[in-house]
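Each structure below appears as structure tokens.
You will see chain A twice below: alongside chain B first, and alongside chain C after that.
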Partner chain A sequence: MTSDTIMIPFYQALTEDVNALTAPQDSLQELRRSALERFSATGLPTLKTEAWRFTNIQRFLKEYPYELTSTPATTTADVANEANIPGLDAYRIVLVNGHLQADLSSIPEGKGIRIGAMSASTDAPGFAKWFNQHTQVNGEPLANLNTALFADGLFIELQANVSIDKPIHLIHVYTSDRHAFVQPRHLWVLQKGATATVIESTVHPKQEAVAFSNCVTEVVVADNAELWHYNVQQGAENFRQVNTTAAQQERDSRYHHFNITLPNTPFTRNNLSVVLHGSNTETNLKGIYLATGNQHVDNYTFMNHLVPNCNSNEHYKGVLLENANAVFTGRIHVHQEAQKTNAFQQNNNILMGDKATINSQPQLEIYADDVKCSHGFTAGQFSEDALFYLRARAIGEEAAKALLVNAFTHDVTDEIAVPALQEYIQGQIEAIMNN
Partner chain B sequence: MMNSNEIIDDIANKEYEFGFTTDIEMDIAPPGLNEDIIRFISAKKNEPEWLLEWRLKGYQAFKKLKFPTWQHFDLPEIDLQALSYYAAPKKKKQLNSLDEVDPELLATFEKLGIPLNEQKALTGVAVDAVFDSVSVATTFKGKLKEMGVIFCSFGEAVQEYPDLVKKYLGTVVPHSDNIFAALNSAVFSDGSFVYIPKGVRCPMELSTYFRINAQNTGQFERTLIVADDNSYVSYLEGCTAPMRDENQLHAAVVEIVALENAEVKYSTVQNWYPGDKDGKGGIYNFVTKRGICKGANSKISWTQVETGSAITWKYPSVILQGDYSEGEFYSVAVVRNKQIADTGTKIHHLGKGTKSRIISKGISAGHGDNSYRGLVSVGPRAENARNFTQCDSLLIGNQCGSHTFPYIESRNKSAMIEHEATTSKIGEDQIFYLNARGIDTEKAVALIVNGYVKEVLNQLPMEFAVEAQKLLSITLEGSVG
Partner chain C sequence: MLTIKNLHAEVEGKKILKGINLEIPKGEIHAIMGPNGSGKSSLASVLAGRDNYTVTEGEVWFNGKNLLEMSPEDRAREGVFLAFQYPVEIPGVSNINFLKTAVNEVRTYKGLPPLEAKEFLKLTKEKQQLVDFNTNLMNRSLNEGFSGGEKKRNEIFQLAMLNPSLAILDETDSGLDIDALRIVSNGVNKLRDAEKSFVVITHYQRLLEYIVPDFVHVLYNGRIIKTGTKELALELEEKGYDWLKEAEHQKESV
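Coming up: the complex of A and B.
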């Protein structure tokens, strides 16, 4: 640990007994202790840490005197309703700082469906088998910190061939009367042939205190299962987040991850890691980041091909306005065994702000020969011709730009399989561009 | 016809064709690195005080720097204290013509297919032959002198043109740039110096053949090329090294300065001893190459064909400082056996309207590991900067690795940057197509590889392109994807 990290207010608490920070009946005490040991060994990432070269996490953690709070808070229906997506027919689940608030939630029930608070699910078979199993979770300093300190989150386990008839709309509310560093932790397990759609939204009620979320979501998609996972990141000025999503896929499974980052959260870091344990899988990682003001958006993705005959597609599109700063890292690792892999990756950016910056690192690490892998990167401007064409048809400059940005992001929004959500995202993009 | 595994084994087992050693009396300093050795080298070369001081500054920087850890391979431990930092063929007397050059040395070049006298007559290439650090023969000097072109050994330049050397030395690669550059600054033995005066288009390709010969001597070349306003020069560098068991470190530095409207083309064919099939021996090629387009409308172009060395680790870079200046990087890197290549380029767009183009073609076979690592950065003042990058990798056999690590940083909204990378093996359908037309598999692979690297080889001057093509076919003949 460097002297720098000690300057971060809550760091003091970490050096004291971890027991004091967690519930006494906690059966995960041993796990937490070893995670904290791993975290202490590495400390917080610095700019010299390769994966954090362009994101100074310590600067963001030092901004406010965050407290490690695990006291459950509650919210009101009005706050939760802010996350409503018009026309979306879904089961709504509300989490406040990671704690399930049952009175605002409609939890799907039925045979083979187990959905509830993590703290109440430690006895589930899926929990025993899959909790904290992803290598990436054990390797990331912030994920280790989460393992050591998390209080609660959402547990989903679908038994074989169970599907939920409607999407689950998961609303994260972060609220606190003091500056808080919160650690939600989720585990979603889809057993063989199960299917589900999860849409995540974030709400932060207007208040003085700043919340910093360090969230970890573990996802398991077993043989033939399919998960559509949407993460809509619309925060507020007084919200910051580090989101770690670690997915594992078994044979013939399909995992579709959409990460849509929209304004106002000043700092967003998404760690997305998918590891393939079975053949014939399909993985789609799609992302949009539309950032304004002084927003800093960092997407770090890692596609780990361990076995043969798998397909992965990654496409991230960025629109950077004003002074926005974006970072994209896309690692594709193809193991020696993983023959016949098709792995594609694209990152396209439009820089519109005079001080907007983009740092991109698409990376291919290939150890198998019979593969097709590629990555592409572009950064540029609207085509003047396209703009002129629209202007010549009496479309104002702002509206024309909004239209072009919508067209630019269309590659990703077009693949959103929930029509209400698709319409909502497109509407949001247009509204932001028209402002 | 051999099956693919046999062919791959065959390539992997191929002996290094240019492995032989030459017996020439050497003048060698005791092993070890300290201030005394630096003073010894400086005194031996009769250097002015300022250069000694610069060397010592380099040594101080070297002591503070650490070996990097970010590279995509395990850096072998290198005992820099076990190396000897000075080796020079004993001076006999001043030479006026090629006939006076040591016949054994000439025979060495003959074996490499670089007969000095023939080249002088046929190709019009002036050769500054660097044989373990000290230049022994320089041709066409008179002709170049007439036009005011300076092309001589670094040592000579220090004596004859100290002002020019002092003005530009270390301005592109500072003495503290990285640990290997700092080491080079402290102990560099010799190298080449080129100055092209204003408005001169150098009438011939300038060429230097490096050759590492003495056992246990790291070779620390230093090349400085200055192209004054409105000038043009094309510079060739080619290397082969004899077979050795112990690894040899080569930490050269190349600096290029292009002033207004000047153009410098720098081409390399590198075929140093890659080590045997178990990765034993072989050269460590850790070179710092950087050019700066100082003036408006200037251009620097790097072309490299890397087939040798146990480890090739270099990033020929261009700083595009002048408005509307242009940088190019064309590279072919081939690895087989246990060779490692971690190479690429860095292009810094600082001036308005700067352009760059990067074409990198990697070929991995056997247990080779090939990485492209590159940086394209666009500064806030670089209005309308343009970059195009393409890096392709070809994999032959399932034991090799191929990686790309591009870094792209844009701080200007008017910049347009494009990057694309692909990795694949040679298509069965392509081979089948050629087979169906009566071309056997070996020839088909050679054809496909040739087509694959053509864009880069086209950038090389004629005689170099031929050598490069020969090298590639030796390295990869018979491979089936």
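Coming up: the complex of A and C.
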């Protein structure tokens, strides 16, 4: 551990016994202790850590005297309603700093559906089998920290061939009187043939205190199951986040992940890691980051092809205004056994701000010889011809740029399978561009 | 309606327009012809406000307002319309959404409320029929994958929707076969009225058989070197431009 890390306020608490920080009845003490040991061995990432070369997380952690917090908090219906998506017919689940607030939630029920707080789900078969099993979760310092100290989150387990009839709209509310470091932890298991759609939104009540979320979501998509997973990161000035999503896919499964980062959270790091355990799978990783001001948005993605005959398709599109700073890493590992892999990756950016920057790095490690893999990166400006064409049709410069940004992101937004959400995202992009 | 006085313009330091004088009254159709590189399309671009052109001298007045001081969008809102020689393809922007935005921008500028969805649809249908524009193209991305003819027809359709007082058609006939040319010309003729003026830029007399001009101007080397009636176009078709070029060079050397 470097001497730097000692400066981070809550670090002091970490040196104390993990038992003191977690509930005494907690059945996960062993797991937590070993995770804390792994974390202590590595410490926080520095700029020398390969996966964090362009993001100095310590700088962001030192910004405020964050306190490690696990105390449940509650919110009001008015606050939760801020996340409403017009026309979206969905089950709503509200989590406040990771804690399920039942009175504001309409949890789907039925045979083969188990949805509830993580703290109340440790006895579920899916929990025992899948919790903390993803290698990326065990390898990431921040994820280890989460395992050691998380308080609560949302558990979903769908038994074989269970489908939820409507999307689940998961609303995360982050609120605290004092600067808080919150660590939600989720586990979603779709057994064979199960299907679901989860839309995540965040709400940040207006308050002085800043919340830093270190969230981990583990996802399991078993044989022939399908999960549509949307993460809509509409942030606020008083929020910072490290968001780790670790998915495992079994054979014939489909996982579609959409990550939409919009203003104004100053710091966002998304770790997205998908490991393929079964063949004939489909994985779609789609992302949009639209950043303004001094926002720093870092998307680190890892597609891990262990087995043959799998398809992955990754497309991230960035629009950077003002001084926004973005990082994209697209790691693809095709193991020797993973013949007939199709793995495609694209990262396209429009830099609108004079001081906007993008650091983009594809990392392809291919050990199989019969594969189709490609990657591509672009960074550019608007087409002057297109802009002039729109302006010559009476459309003002700002509105024209809004149209062009929506046009630029359309190959991602077009893939959003929930019409109300698609319309909402396009509307949000337009509204941001018109401001 | 439009008065151009001694207009000089350059692009990347190269002088393109070298003193254009032109008066276009309300309700008239003026054709501008001339050999390649004479400055025809540059004139259209300068009037529409493309910003890679620098006006170094001269004035342009449109309905009593200084056109050169306006942004491209304000020129369009004031009623100047440029039908592009090469309409731009914009994947991801739907034709219909684009048109609705454009129409409502003009209305807002004029202090009118935006059109209700129903009214907009009605207007769209009406104008579509007027210029014979295929409904299937409406919901596609703007010009994406359109044939040359479809793109030009879309320009005329937009012209019909926006109803400007001055329409500049920049080589609208280029790349059109005879049927497409007829359809496009019919559209323009249906839009003609006593309040609207047209500037028709073309290489060929052919288009002027369909869209009959009141006056024909010949542009050469950044200047208008001859003005006549529609018969001038026929003469050019027959004799080419060389006799005019020679006359111009002799004038210069005197």
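To be clear about the criterion, the second predicted complex is superposed on the first by the 435 of 435 C-alpha atoms of A that agree within 3 Å, B and C clash if a C-alpha of one lies under 4 Å from a C-alpha of the other, contacts with A are read in each partner's own complex, and residues count from 1 in each chain.
The definition used in the following text is that a contact is a pair of C-beta atoms (placed from the backbone, for glycine too) under 8 Å apart; a residue touches a chain by one contact, two chains touch by 3 or more.
Fair warning: this is a prediction, and the values are worked out from it, not measured in the lab.
In this overlay on chain A, chain B fits alongside chain C without clashing. Contact with chain B, but none with chain C, is seen for A:371 once the two complexes are overlaid on the shared chain.
Within the superposed three-chain model, A:379 lies in touch with chain B and out of touch with chain C [touch as defined at top]. Contacts of A:389 after superposition: chain C is touched, whereas chain B is not reached.
With chain A used for the fit, chain A forms the apex of an angle whose arms reach the C-alpha centres of chain B and chain C; rounded to a multiple of 10, it measures 80°. Look at A:133: by the touch rule set out above, it reaches neither chain B nor chain C. By the touch criterion defined above, A:407 reaches chain C but does not reach chain B.
By the touch criterion defined above, A:399 reaches chain C but does not reach chain B. In the superposed model, B is the one of chain B and chain C that contacts more residues of chain A.
In the superposition on chain A, A:353 contacts chain B only, with no contact to chain C.
In the overlay built on the shared chain, the residue A:363 is in contact with chain B alone; chain C does not reach it. The gap separating chain B from chain C at its narrowest, counted between C-alpha atoms of the superposed chains, is 16 angstrom. Within chain A, not a single residue is touched by chain B in the first complex and by chain C in the second. Residues 70, 72, 380, 393, 395-425, 481 of chain B are the ones that touch chain A when the two sit in their complex. On the chain C side of its complex with chain A, the touching residues are 48-52, 71-73, 75-77, 81-82, 84, 87-88, 90-93, 97-98, 101-102, 105-106, 109, 141, 158, 162.
In the complex of the two chains, the chain A residues touching chain C come out as 383-386, 388-397, 399-400, 403-404, 406-411.
Those residues of chain A that touch chain B in the complex are listed here as 50, 336, 339, 349, 351-381.
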